[in-house]
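The block underneath contains the structure these notes are about, expressed in structure tokens.
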Amino acid sequence: MRKTVLNLKVISNLQLNDDHHLLELQSPDQLETINPGQFANLLVDHSPSVFLRRPFSIYSVDYLNNTISVFIKEIGDGTRALGKTPVGSFINTMFPLGNSFTIPDEPQRILLIGGGSGVASLMSLAQILSKKSNEVSILIGARSAVDLVELGHFSKYGTVYTTTEDGTLGTKGYVTNHLIMGDQLAQFDRIYTCGPEPMMKAVALIAKEKAIICEVSLENSMACGFGVCLCCIAETIDGHKCVCTDGPVFNSTQLKWQI
Amino acid sequence: MRKTVLNLKVISNLQLNDDHHLLELQSPDQLETINPGQFANLLVDHSPSVFLRRPFSIYSVDYLNNTISVFIKEIGDGTRALGKTPVGSFINTMFPLGNSFTIPDEPQRILLIGGGSGVASLMSLAQILSKKSNEVSILIGARSAVDLVELGHFSKYGTVYTTTEDGTLGTKGYVTNHLIMGDQLAQFDRIYTCGPEPMMKAVALIAKEKAIICEVSLENSMACGFGVCLCCIAETIDGHKCVCTDGPVFNSTQLKWQI
Amino acid sequence: MADLSIKVHNLELKNPVMTASGTFGYGLEFDDFMDVNLLGGIVVKGTTIHPRQGNAYPRMAETALGMLNSVGLQNKGAHYFATDIYPKLTKYKTNILVNVSGSTIEEYIACAEIINELDLITGIELNISCPNVKEGGMAFGTSCPSIEAVVSAVRKVYHKTMMVKLSPNVTNIGELAKSAEFSGADSLSLINTLLGMAIDAETRKPILSTITGGLSGPAIKPIALRMVWEVSKAVSIPLVGIGGIMNATDAIEFFLAGASAIQVGTANYLDPSVTIKIIDGIDSYLNRHKFNSITDIIGGLHM
Amino acid sequence: MADLSIKVHNLELKNPVMTASGTFGYGLEFDDFMDVNLLGGIVVKGTTIHPRQGNAYPRMAETALGMLNSVGLQNKGAHYFATDIYPKLTKYKTNILVNVSGSTIEEYIACAEIINELDLITGIELNISCPNVKEGGMAFGTSCPSIEAVVSAVRKVYHKTMMVKLSPNVTNIGELAKSAEFSGADSLSLINTLLGMAIDAETRKPILSTITGGLSGPAIKPIALRMVWEVSKAVSIPLVGIGGIMNATDAIEFFLAGASAIQVGTANYLDPSVTIKIIDGIDSYLNRHKFNSITDIIGGLHM
């Protein structure tokens, strides 16, 4: 679907835990295809301290009801204000933005690795991959069990593995400490990852060692979200690329930090 | 009562007509004496376009319930935001500010003349004057009958006369067109007025001609409200005076525009 | 419908709303959102003779109703522009100006010479005010002799409209404006960004890789208005007002202060079709106040 | 509880939080709201040798997270200050500085001489940066020779701490800071307001009677931070940071950029006890980051 700016109606706002909200936003118009990995740029009203839009991965799309969902972790004034948006009000939304994860032509064995709010960009990916008969495994890392709020959804699309830093659920430690990241990794054709940069770097390094294709979804501070301000660059082997248009998804071998 | 800044709870928000609201704000602390003519300076939250506080006359005080009321006419972003404040939420309020109308030691015949949202500063004045056995008459001017929303309250404290520009209630025209402003005016010992500047100037001129004491309550654009920014000056015969501390009430003969 | 057309020297605009360099890409990025042809003109991204990578990441910091950027003129160079981008822009039926920058006078000249060959580029905006490059840029725009040197040098090789974009980071913008006028500028655009800085108190680091960057957005509007007004008294060539314009009311303020046209910058990021709303809003304002033409309010501030 | 005390040259502050001239009256207006003695110091209203009525009304315009003022140094003169106001201030146990201004060097000298006699006034802040007066004021603060003239003249007659307040409306604030240092300033405070303008589009009039005025508030913080950082590299005397400080985080940013103390201005209007919250917030920050003293973070920006 082409980029657009619309006032989307908040038709539900689920508080998942202390600081995570899932907002479902309804479009007045028929939605066209939105690809997994794409994001939306939300305007925060009524906040003197938030000037620019705030980018969020499109967590899921419901073409029947013409809704998209965004998964919001509160970390500052913008996300706190958005998390509080009452049902029935409107959020001015620019979407869909950015490129998307590669969907293989033939079914493959694919490992998705998410950390923190990075899991948001993997949900619709998991859904589409499983629909296209890929064999999907999902490894999710979090600080603690309470932060693992979306496991139920993921388990519909594949096998879910977890790690927590405090050991309250799954393997104790980081995602890279999980058994699956060891010898078992060779079974996968592709890895798709989104999460904190150190995590993605570590995953990309392991993927490279094992020669597995790895796509990462980057975050960045964005002023526009559609390629005009040139603020959101990633350093790639082909020079500076915009995360909002050339990305957010990059093949990890394209990125300088990988080398 | 000394000046203070408190979060006051909105315990009622009456929409009086299209663009007028009466907000009742409750203090957590016992209120001390607030004098008629004093004002409050309200902070407008959640509005990127409103930076400074907004001043409003204290319309009435309820010492039993520790509430003050403010009468708000929506004219810009600040008043519109305040008018929408939901019951139960809090408004950060600096009050009571400014001087007050003179309350005569002995009962007198007093005419209050209000125009537009200026009537707000006359309500608690009418109440106190009538309580102290003064003979109170109240002349209120408005554009149209729909804007005359507070007549019922005033009639508890004195005889109410009205003018409307469109003639929908009372005498057609401005307050200065009312019969009472003619020969009958001599019966009054004092005139207290608050409203648009042209109205107050006209009233003050007539009062001067008839040698009746006249106090006017001025508006002004204010940055602080408590005498430190020196932005809110009125030109008086003694030089620049601050409307927020030396006023808002001035004897009209003090003001340069009177001469 | 009031007459919104305006001539800025020999640049004919169907309406006074243009877009500011660095905030509108090459226009193409806006095709999804709006009809670019409705604009008076667009000024494309800052262009230099050699390709530039721009500065390292991070390049952006949000501030109180504003933002800092330190992009540093990232662009693929004038040749690439001429061969790869320009052909895509020929579909537009509006004025396209190229924002020309350089580290040396020779670079400015070389870049302007290339742009001079492009038929459908109606003018250049000479950027002597970029705060985000180590050499040249703003340095040219902060003293009279250097303004005279670069403006008159480019004037010799560039034959269409030359708008000179002034830096606000100066003591006396009126004097500098006069230098630009004297050296052959056809019009002046102002302001570029104000030099600012942002710090992350938690990490105790500057937010921008370059430490300082250029401030734009509503925060700077009062300064921009003052400068347009000051310059309008100093020179007689037309002015294009820039700085924190978010809506038609802001635009009107710039016309009243003396600008013949305006450029919208940061506001495009928040609402990519804001310029269309501004054009409509200017028209409504003129109708409401019973003016027939935009020219009726330019410099029309009552004292 | 971290050690918040700091010496700004020979000015001993119990904590680095002061109030900015023109935004804190004479302190007395704040007695209802807070304990003024908890502050590191206060700078009272701009004072001139002769009484000044200031500019005509209107003097204030609200802007995007900021405000313009054109008060124009309304005050009753140095003699009145000495005889009528000063006695009321002797109750305070904190540093009181007088902000000294003038239209000529002689006026600066005369005013400073009077203030020099007042025992409990620990210093002056030499205001060479007021944008709201027709003569003198900012004109003194925008060129090196005039800074040198006024600062060295006042230095001869004033024997306690002399803080010089710099104007931001300049091309190169580092150079001007050096002039002030060289001419005898003990410390520098910055920034004063930025020259701006506001227009009412409906009435088509400037909002301020003086057309232009001084911009303050959060909008200017990025510019103020940048200037403090730039000046901290140019001089070795201590700096006092001013500009848009609304909370402790803002204050910390100024310390990191190189300020030894800060002044809170416009924020006092919104919350008259904001300075107390800022002091507490600085203390919490230092504790949370395990610093023992405010001196640990001054100029502590990691690159």
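For this structure, a couple of remarks:
For clarity, chains are labelled A, B, C and D in written order, and residue numbers in each chain start from 1.
In this section, contacts are C-beta pairs under 8 Å (C-beta built on N, C-alpha and C of every residue); 3 or more make two chains touch, one makes a residue touch a chain.
Just so you know, these numbers come straight off a predicted model, no measurement behind them.
Touching subunit B and subunit C at once are the following chains: A, D. Put simply, the chain farthest from subunit B by mean CA position is A.
Remark: subunit A and subunit C have CA centroids separated by 36 Å (rounded to whole angstrom). We define each chain's centre as the mean of its Cα atoms; on that basis subunit A and subunit B are separated by 56 Å. Distance from the subunit A centre to the subunit D centre is 47 Å, each centre being the mean of its Cα atoms. In this assembly, the C-alpha centroid of subunit C lies 34 Å from the C-alpha centroid of subunit D. Within subunit B, residues 48, 51 each touch two or more of the remaining chains. Contacts with at least two other chains are made by residues 61, 63-66, 217-218 of subunit D.
If touching chains are joined by edges, the resulting network of the protein chains shown is one closed cycle, each chain touching exactly two neighbours. Interchain contacts (touch definition given at top) occur between A-B, A-C, B-D, C-D. Residues 61, 63-66, 68, 142-143, 169-172, 194-199, 201, 203-206, 211-212, 215, 217-223, 225-226, 229, 244, 249, 252-253, 256-257, 285, 297, 300-303 of subunit D touch subunit C in their complex. By the touch rule above, subunit B contacts subunit D in their complex via residues 2-5, 43, 48-53, 94, 220-235, 239-240.
Residue ranges of subunit C in contact with subunit A, taken from their complex: 22-25, 29-30, 32-33, 45, 53-54, 56-67, 69, 71, 74, 217, 266, 268-273.
If you check the complex, the residues on subunit B that touch subunit A are 46-48, 51.
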